[in-house]
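Next come two complexes built around chain A: one with chain B, the other with chain C.
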Partner chain A sequence: MKIGTVLRGCVAITAALGISLAAQAQDKKTSIKVGFVTFLSGPAAGPFGVPAKVAAEAIVESLNAGKAPPPYQTKGIGGLPIEMVIIDEAGGATKQVSEYRTLVQRQDVDVVIGYIGSGDCLAVAPVAEELKKLTVLLDCGTPRVFEDASYKYVFRTRPHATMDAVAATMYLLDNRPAVKRVSGINQNYAYGQDSWNDFEATIKTLKPAVEIISSQMPKFGAGQYGAEISALISSAPDVIHSSLWGGDLEAFMLQAQPRDLFKSSQLVLVAGEPYLHRLPGKIPDGTIVGARGTNGVFAPDSPFKRWLVEIYKAKANLDPNYPAYSTAQAFLGLKAAYEKAMRDKISSAIPMGAAKNVKEEMEKAYSPPNQEEIIAAFEKLTFDSPSGKVKMTLGKGHQAVMGTAYGTTRFENGVVKVGNIKYYDAERVTPPEGVTSLDWIKSGFKRP
Partner chain B sequence: MKLDRTSIAIVVITVALLAAAPALPRWAMSLLNVSLCYGTVVLGMMLLMRTGLVSFGHGLYYCLGAYAAGTVDQMLKIPDMALMVLAGAAATGIVAAILGLLLARYRDIFFAMLSLAFSMILYGLLVKSSALGSTDGFNISAKSIFGIAVVDNAHRYATFGITVVLTMLSAFLLNRYLRSHRGRLAEAIRDNELRVEYMGASVRTTIHLHYVISAVLAGIGGALMAINIGHIDPEMTYWPQSGEFVFIAILSGTGNVFAPIGGALVFETIRSFAYEYSPNTWQMVLGITMLIVMIFLPGGLWSLLQRRKPA
Partner chain C sequence: MNQLFAVLIDGIVYASWLFIIAVGLTLIYGVMKILNIAHGSLYALGAFTAVSFCSAWFNHNYAAAGSFAMLAAAAVVVGLIFGPLIERGLLRFMYGKDEVVLVLVTYALFLILEDVIKLVWGVDPLLVQGPNGETPYSVLGNFEASGLSYPYYNLVLVGVAVATGAALTWVLTRTRNGKLLIAVIHDREMSAAMGIDVGRTYFVTFTVGAMLAAVGGALTAPTVSVVTGMGAEVIVMAFAVVVIGGLGSLPGAALGAFIVGMVRAASIHYKPELELFSVYLVMAVVLIVRPKGLFSGAEVRKI
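This part shows the complex of A and B:
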């Protein structure tokens, strides 16, 4: 009997609830509603997704309280408090496109900030364009987003991943010009393949005499690296390039160290910086590490960096890692653009001396900027962030450009320190507008 | 031709959906689109399940259909919706006809695992293909339908139209088929293969045919999904995706061709609202739903409707 009736009732009630929730009318603007999308489950949640979420919550609290350092001291964004809805990025691009539509159309957010997976960024960008919703891509690395297409409503406030491999190669050749034999171990998915291809192309361009011995491509999330480690040991390269991250990197380090792989080969960890504190004693001295930008230990001291470290530590009791820096860049970029749009409106309003419609014009000038005005202010914007100055110069003013840095580790008093830090300007490590990354590397880093 | 109740209902619902299109909010339309695409795939799963087979690898055809559609767009540069779906159906039909030669010999867990293996082979191949974007996949955008260019709202309605019409047409034809002589063999095969053979029917030919039909349905679903979402990646043939199809098939039940479509709609709606209201535990919401259905409604959601009418 009755269980059927009960379930039927449940279905009816759920449907009714759904309709009534959707039908709720929108009140007038008293806050800025941000949809924040990040991995809350799956392998990328631990190292990237959750730190980004913690950072976002800390940043929103701090901005809403007006406690950020100048020029970000106004409360919220342009005086309006930020209201944040968080959703999970797990589940693949198909689901993310559906959920993006939900955020924009059912939740009616003003702006979407998010996406760590490159596939999700590629999939969501055209939908943002279709729905005409300002979207700030958070942490994905693929250069294809703005190299394969151009967008009006989509911005990415962190540099793309090409510079990681290019600067890693430059740093390696600067510090070890005699390097002869190189191998790689990277995950067999888009980021791992791109990272290795860029590194291989750069080294062939800068120093054709270097011999590429092998490229190990274990599958994503493999966990066991016995065969790859044996292959690396037997070929004994001078240097091993790796873009491993998360559990994969930790497992590889734990398995490779007892087998003395690092006695004969120096390691280059493109994305290794966030793991230094997790692997004390396991990262051999002399390992070259990066943080995919001037994040973490590479961030130059500034009030912005001190602010992020303080509010992040208060929440997580850890130093922020690079997804946390990317999150700060996205929020501060949006805030800077919004507030610039406000100033632009006021400064372009008719002068006080004009005779007609002064009241109306001034009211208009002081009203919150609309999306088109925010986008106009965002394009080609330069703003301060905890990792330094961010310049939105690529992708017709929609893609950020920054320099990056690499350093070398040494183990000291129980902690891993990074020394010999070298900075690389954005112009040296990022392709110019209109040239795809691989073409630019193969052309010998030509700039017009 | 005298139409049965289900066929009439399909026609009525198709007309009603198309007529309601302008009144639907955009999010509801995209929710319907995604559900219908899943529904098409699960229609094929239903046919297999009626035949007594469960495929853990239907993502293979779902993904293949989508990549065939992507090839039409990216390589041939003909971004036409109709052609994309046709390519998806053709590619999956051919592959299924070949793989069916082997798979039609297996039953139960062997069939399930072998189909899973084939889907993971495709996954491995796609992940290794940098030219196809590896795990990131690539974007596709359909710009016309039957050669007529569509933009903005016209594009939206065209996508909705082709999704509704093809899904409902698939359901209509499958419903007719299930009532045909060979269609009725499905349950007979599930119950007792030996008897079917004694009756003079070929079990293997029937299973092979049903495998191809279900693959083509999955291919159409995949191609439609590619058109709707605008992005395809190897995740479409990864095992959790295939698992999701089994999930929806069990949730819906196999009582009627409406079951998979309704089941997909319920699944997508629950998932969508769970994402929104419990971002940290949306998987658990789906899991609990599944448990409740399995414990109280072993015949799937469809059995709720069946109980009403006298046997």
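This part shows the complex of A and C:
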């Protein structure tokens, strides 16, 4: 991808200076180097980061071997094998910005795929723009990435988190129209606050009579929830909304379950799917769970889903959870964009009977696409993924939208099953272009 | 009235937990003038070791009640291995150096131990639970108070906290070794000149402090999912408590834990959005009024 005219210019200059860099700069690309950033340590590693990494390794192996289902059957990306550098996302946004610079400037990657934390996405996106490096955001949820700014080099191949809260509320009201009193327990940081605000606004818009009793906002990683649980039990809400995840969710469930909190209150776990297999018996029957999209148990059957389940199971001996699906979306989106760029070049370059410079023109048309061409192909792209069709329609064609689904759990023979699954179309649960999520919810979900 | 009672119970339970994790920190600072950042790692090591011991216990299908012995064993083992190892292997070469240098040394140690934990236990969150989901937390059952049900496990926390505080107070004020320790706190060089084995005092203090951190971790393990990085979260709260009470003061740690516990429980029950803020507000107010903490007292005597 570094074969832009600028580099050609540099090559010419270096060659003229007689520096031996010229040989290296012969622009025969032999591989596509992907910097992959995910949590390898810390509380987000177990449920999100490591499944994403396992999925990335499985996907790269399978793509390089040309074993993915069509239209992804070409080897690697556009015939070039994928080479991956994996970086730990732990350490906070400041550290990630410098890690990102290292990836781009020292490791010289062609594209960066990664970031699960919303804070990391918000910090890295402007730097990607500054360094002009194609970057695909993997799994972070905050709608603010493309609602507060606009980027050329940054893409997000998974839908943003507004639909999680909106669809959760719709599902709740569909299945329990008599709900009167709700509370929330969410972590006190970007994602927890966003999730609660969206939920609160949606429920106030759809059913203003519902009383919001309290919103518990424990510190991220608090660990001890005794007082929160007491406060929730004594106010006895019908429903408790929670976007807790990771160790915090597990600690909350471990401490709440023996105290019978869930005998009187139904739980809505927006990001509950990765825990179904980890907390059997601890997730009460009737809990509403989502997977932040049609991932995991919610994914409709397709060759792509079967492919991901097979290659993931071969590595981890587990079904892939939603971060694994997000990872597949990022890689397949990049591959689809790259290969579309190749086809676009060829179809637009074939000289219709023009005999002049045929050889040069053909060489140019068949050379690997440069970054600008990939970006042009990526914008507004539609591609298939294990969780269904992905449409890059928001954020000027840089932000994916998809439908989502929710279901209700029941504990059967030692496993947690999800039943009563309902699907929600992207248009129902995602704001239109140019409107921020909260404004859209408060407007009563108006679409132009 | 009922809610006030709930606040009181929640506050006391949380304060007990805070006291257990903070008391070792204040003890080590009081005697050795080391702000031991690695306290957080020792806490995490206690938790991870408790997971391993309890899992082994449950795998043998022994009675779940015995898992409490495993928690205690985990704390003792971690304390007895890592306390001496760190004190003899590292800290004794640093005595007499500036306090700031020692903070950096223990911070480095904290980073190293965090990675050791990752190497040994991996990055997946771990749970202390038996084959049928029983945990030391739930196995004791619940009691009812003001219409709310609380696990008896919370009383175990309160009991351990009170027993730890009482035992340390007794040792410090009523025994010969305690008096020697106080002499060392007052003046290390003079004590050494009078024939007190300062090295041994430091050795024992650090081992006890390490063990207390591990006790905190082991007792926390059944109530949370044990993940890498849990030590970093705890060290912040422990510092807040210790600073409010006055660095190195035992009654200070107890009062600091009590105040933080109560303020936090009250804000969760009455004004949940202020929870995070309330703890640091208390800290700020205390430090404005008494910059060295509530129980700082005269500079020479710290414990």
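One rule holds in what follows: the second predicted complex is superposed on the first by the 418 of 448 C-alpha atoms of A that agree within 3 Å, B and C clash if a C-alpha of one lies under 4 Å from a C-alpha of the other, contacts with A are read in each partner's own complex, and residues count from 1 in each chain.
Here, contacts are C-beta pairs under 8 Å (C-beta built on N, C-alpha and C of every residue); 3 or more make two chains touch, one makes a residue touch a chain.
Note that the structure is a prediction, hence the values are computed from the model and not measured.
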(message) For A:77 in the superposed arrangement: first (chain B), second (chain C), both or neither?
(response) neither
(request) May I ask you to decide whether A:188 touches chain B, chain C, both, or neither, giving the answer as first, second, both or neither? (result) both
(request) Tell me which partner A:99 touches in the superposition: chain B (first), chain C (second), both or neither. (result) first
(request) Look at A:223 in the shared chain and tell me whether it touches chain B only, chain C only, both, or neither; answer first, second, both or neither. (result) second
(message) With both complexes overlaid on chain A, does A:311 touch chain B (first), chain C (second), both or neither?
(response) neither
(message) One more residue to check, A:123. First (chain B), second (chain C), both or neither?
(response) first
(request) Tell me which partner A:40 touches in the superposition: chain B (first), chain C (second), both or neither. (result) both
(request) Kindly list the residues of chain A that each of chain B and chain C touches, one partner per complex. (result) 40-41, 188, 219
(message) List the residues on chain B that touch chain A in their complex, please.
(response) 25-28, 30-31, 34, 127-128, 130, 133-139, 141, 225, 229-233, 235-236, 238, 241, 266, 268-273, 275-276, 279-280, 282-283, 292, 296-297, 303-304, 307
(request) Give every residue of chain C touching chain A within the complex, in rising order. (result) 2-3, 6-7, 9-11, 13-14, 17, 118, 123-125, 127, 132-133, 135, 137-138, 142, 147-151, 154, 220, 222-230, 233-234, 264-265, 268-269, 272-273, 275-276
(message) So in the complex, the part of chain A that touches chain C is made up of which residues?
(response) 40-43, 45-47, 49-50, 90, 188, 214-219, 221-224, 226-228, 230-231, 233-234, 246-247, 250-251, 254-255, 257-260, 278, 280-282
(message) For a test of understanding, state which residues of chain A touch chain B in their complex under the given definition.
(response) 3-4, 7-8, 11, 14, 18, 22, 40-41, 85-88, 92-95, 97-99, 101-102, 105-107, 118-119, 122-123, 126-127, 131, 142, 144, 148-149, 188-191, 193, 197, 219-220
